[in-house]
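Dropping a structure here in C-alpha cells format, bear with me for questions.
Per-chain numbering from 1; labels A, B and C assigned in written order.
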C-alpha cells in the first residue's frame, strides 16, 4: 500500500520535475545540516572536482535550513546520508530513529559562547543572572550539558541564566538584548567582528576549552542501510570521495570557497566570508581521517548523560557508530 | 486480514458511514435543531481524525513523520502545564494584545480619516496595497527592534491586523445609502449623530469582516514571529524546538491547541457579530 | 486623476516618517561606534552617518531603492543574484497554488451553497484549518511530501493553495448567497432548476465578491509561497532572500526582498483588478 502511494505520488511529481539521472551511476542523496556554506566544502569539492563521479556515484546535495531537521528528512526517505551533530543524532536515536555514525570528518568542535566584555563576564560562573542566546532545534544540547555540569539552572532568576532562543544572526549581542550568544568559530563570531566589534571587546568561551565539546558534523545513516551490501558499497565509495574532497579543500582553501559560492543559489554569500570560513573549518577537520575516534564518542556520550535532572539522553546508546564503512573506505 | 489493512478498511468504512449519516441528518426534519447543527460538523471532524488514525496505522507511517491522533491526545494530557504556559505566552500576551491594539488603532484611524475625504482617497489605496503585503517578512526586523519577549510578537500582530481592519472599516463607513444619509440631514443630525446612529451600525458587517480575518492573522503572526527569536516558552518556540528533537507528538499537540484557540476566538467574534448584525442579508439563512 | 495627489501625499508622509525612524533607530549604533573610537559626534554627523550604514537597523529608503535597482536592472537577468530570478522562482509556485486554491475554493463554495450537509460540516472546519499555523508546519509538510517523492514546485504550491482557498470559499459563499430572496423566488416562479438558478442568477450575482476574494487569495498565495521558502533550506526565491538576509544581518537585502514581494503582490492584485473592471463593466455592475 505504501509502495502504491509512493508510485502514485511520484507519478504526480514526475510532471516536469524528474531529475536528470546520469546513466550507470549510483544515486545517493546527502542532506546538509545548514545552508550552503564552506562548512560543507568537502562535499561540494568532491562533487565539483568529480571525486564522486570517479567512484561511480551521482550525489545530490540538499542544502538544509533553520527548520529542516536532517533526522526527519532521512526518516522520511528524503536522503540516504545526513550531516548532523552527535548530540541531536543520539537524541533522535533514543526517540526510536536508529541513526548510525559512519564517519566523522570534524575532529574538533567549533562552538563557542561569545559575550560582550563590558558586561563584566570573565569566567563561566559569571553567567549567573545573565541573559544568554542559545540555538535550539537540537543544537541546545551542548549548552544544556555545560550548564548542568556547572550546576547553573537554565530557568532564569538571579542564580541561573535566562535563556533566549537565538534567531539566525548575531543581532541579540549587537543590540544588547543578550549578554552572550552562541557562535561558531567559523561563522557567527566573524559576523560579530564584521559588525564592528573588535576581538578585545569580546570574551569567548570555547566548548572545546571548557571540556564540554561534543562531536559536530558527522555522517549518519539509518541502521537498515548497513544491512544492505549494495548500500554499504555505495557508502564506502561516498565516504572515500568525501574525505578526498575535504583533503583537497584544506589544501586549496580559496578554490574550495569559490566552489561553495558557485553552488550557493541565494546569492547572499560573499567570497571573502567563505574563504575565511574555509580557513576556520580546515582547523576543525584537520587531523581527522574521517574515522570516528571512539574516545571522542565516549566523551560526547558522557557529557550528554551528565545532564543532571534533565539529561539529553537517559541511557548509554548501543551501536550508534560503526567503523564498518571507514575501515573499507580508508584502507 | 492483517492489522494494517484492518485499520485502513475500518477508517474508510467509518468515513462512508459518517458521510451517509451526515447527509441523512442534514436532510432530516430536525436539520434546523441545535443538536443536529452541532452533531454534523462534529461527526465530520471525528471522521477526519479516524481517517488520519487509520492511515497512520494502516500504512505504518513512522511517528517521527506523522504521529497518530491517539498519540497526540496522550501527549496533550501529559503536558497540560507546558501547553498552558505556551498558550499564555503566545496567545494571551502576544496575539491578544496585538489584536486589541491593532484593531483599536485601525478603527480610530478610520474614524479620523473619515473626517478628511482627501486623506481617505490617499489612504485607502495605500492601505489596500499594504494589506496585501507579506507583512510576516517584517517579523525578523520587529524582533530586532522590540526584543525577544512577547512585545515583539504583539508588534508583529498589530501591524498584521492593522491594514485589513483599516480597509474594512473605511469601506464600511461608506456603506450607508445616500438616501439614508439624506434622511439624517433632514433630521438636522450632527456628524457625530450620523456616525453613531447610522453609519457605524451600517458599517458593522464590514468591521466584523475585518475583525474575523484578523483573528486568524493574529495567532499566525504571533507564532511565526517566535521563529525569529523568543524566550524559551511560547507555541512557536515549542513547535520549532520539538521538530528539531523529533518530538512530533508535542508539535502536533501545540498545533491542536493553536487550532482550538483560534477557532474559539473566531467563534467568539462570530457570535458577537450575529448578535449585532442580525439584520444583514448575509446572516439570513438560505 | 484626482486620486494621484492624495496618494502622493500619503506616500510622502510615510517616507518622511521612515527617514525620521531611520535616524532614530540607527543613531545608537553611530554613538556606540564613536564611543568605542573615543570621539564625540555632532547632530549633523549622526544624521549623515545613519543614512549610509552597511547594516542599519532600519535602512533609509534611498538605500533600499539603490539595492533594488542594483539587484534587478544592475545585473544580468539570468544571474542567480538577480532579484528577477528569485521573483520568478517565487511567482511560479504562487500562480500554481493560486490556481489550485481558487478551484478548490470555488468547488467548496458551490458545494456549501447547494448541499446542506456540506454547509453544516465543512464551514467550521475550513475556519479551523486556517487557525492551524501552516506557516509553522510548512517545513514538516515539505519533508513529508518529499518523503513520498513530491519535490520542487508542488509542495510550495500546496502550502500557498492552503492559504489561498479560504478567502475564496468565504467570499464565494457570501457571493452565491447574495441574490435577494425575492429574486430566487422569481426564478422559482419561472420553474427554473437549481442548476439554472445557479448559472443565471447566483453565479452572475457573485462576480463582485469573486474578484474581491481573488485579490485577497492572490496576496495570500504569495505569502504562502514565501513562508514555504522561508524556513525550508534557503535555496532560492524571495523567502530564501529574506532568510539569508536575516541570517547574515543584511537588513538592506531584507527590505529589498520585501519590496520586491510587495511589487509582485501589487502586480498580481493589479492584474486581477483590470480583469475585474472589464468583466464587471460588461456585466453591467459598473455604470
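As a working rule, a contact is a pair of C-beta atoms (placed from the backbone, for glycine too) under 8 Å apart; a residue touches a chain by one contact, two chains touch by 3 or more.
What you are looking at is a predicted structure, and each value in this text was computed from that prediction instead of being measured.
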Just say which it is for the chain contacts: an open line, a closed ring, a star, complete, or other. complete
Looking at A-C and A-B, which one has the bigger number of contacting C-beta pairs? A-C
In whole angstrom, how far does the Cα centroid of chain B sit from the Cα centroid of chain C? 18
Between chain A and chain B, what is the gap in Å from one C-alpha centre to the other? 38
Where chain A touches two or more other chains, by residue: 5, 66-67, 69, 72, 75-76, 167-168, 171, 175
Find every residue in chain B that makes contact with two or more other chains and list them. 65, 140, 144, 227-228, 240, 243
Touching two or more other chains - residues of chain C: 57, 139-140, 143-144, 147, 231, 246
Which stretch or stretches of chain C touch chain A in the complex? 29, 33, 36, 55, 57, 79-82, 86, 138-140, 143-144, 146-154, 231-236, 240-241, 243-250, 253
Under the definition above, what is the set of chain B residues touching chain A in their complex? 4-5, 8, 58-60, 62-65, 140, 143-144, 147-148, 226-232, 237, 240-241, 243-247
Per the touch rule above, chain A residues touching chain B in the complex are 1-2, 5, 66-67, 69, 71-72, 75-76, 88, 91-92, 95-97, 136-140, 154, 162-168, 171-172, 175, 177
If you look only at chain B, which of its residues touch chain C in the complex? 22-23, 25-27, 31, 36-37, 40-41, 43-45, 48, 65-66, 118-123, 125-126, 128-129, 131-134, 136-138, 140-141, 144-145, 215-216, 219-220, 223-224, 227-228, 235-236, 239-240, 243, 248, 251, 255, 258-259, 261-263, 265-266, 281-282, 284, 286
Which chain C residues qualify as touching chain B in the complex? 2-3, 5-11, 14, 25, 57-58, 115-117, 119-125, 127-137, 139-140, 143-144, 147, 174, 177-178, 180-181, 184, 215-216, 218-219, 222-223, 226-227, 231, 242, 246, 251, 254, 257-258, 261-262, 265-266, 269
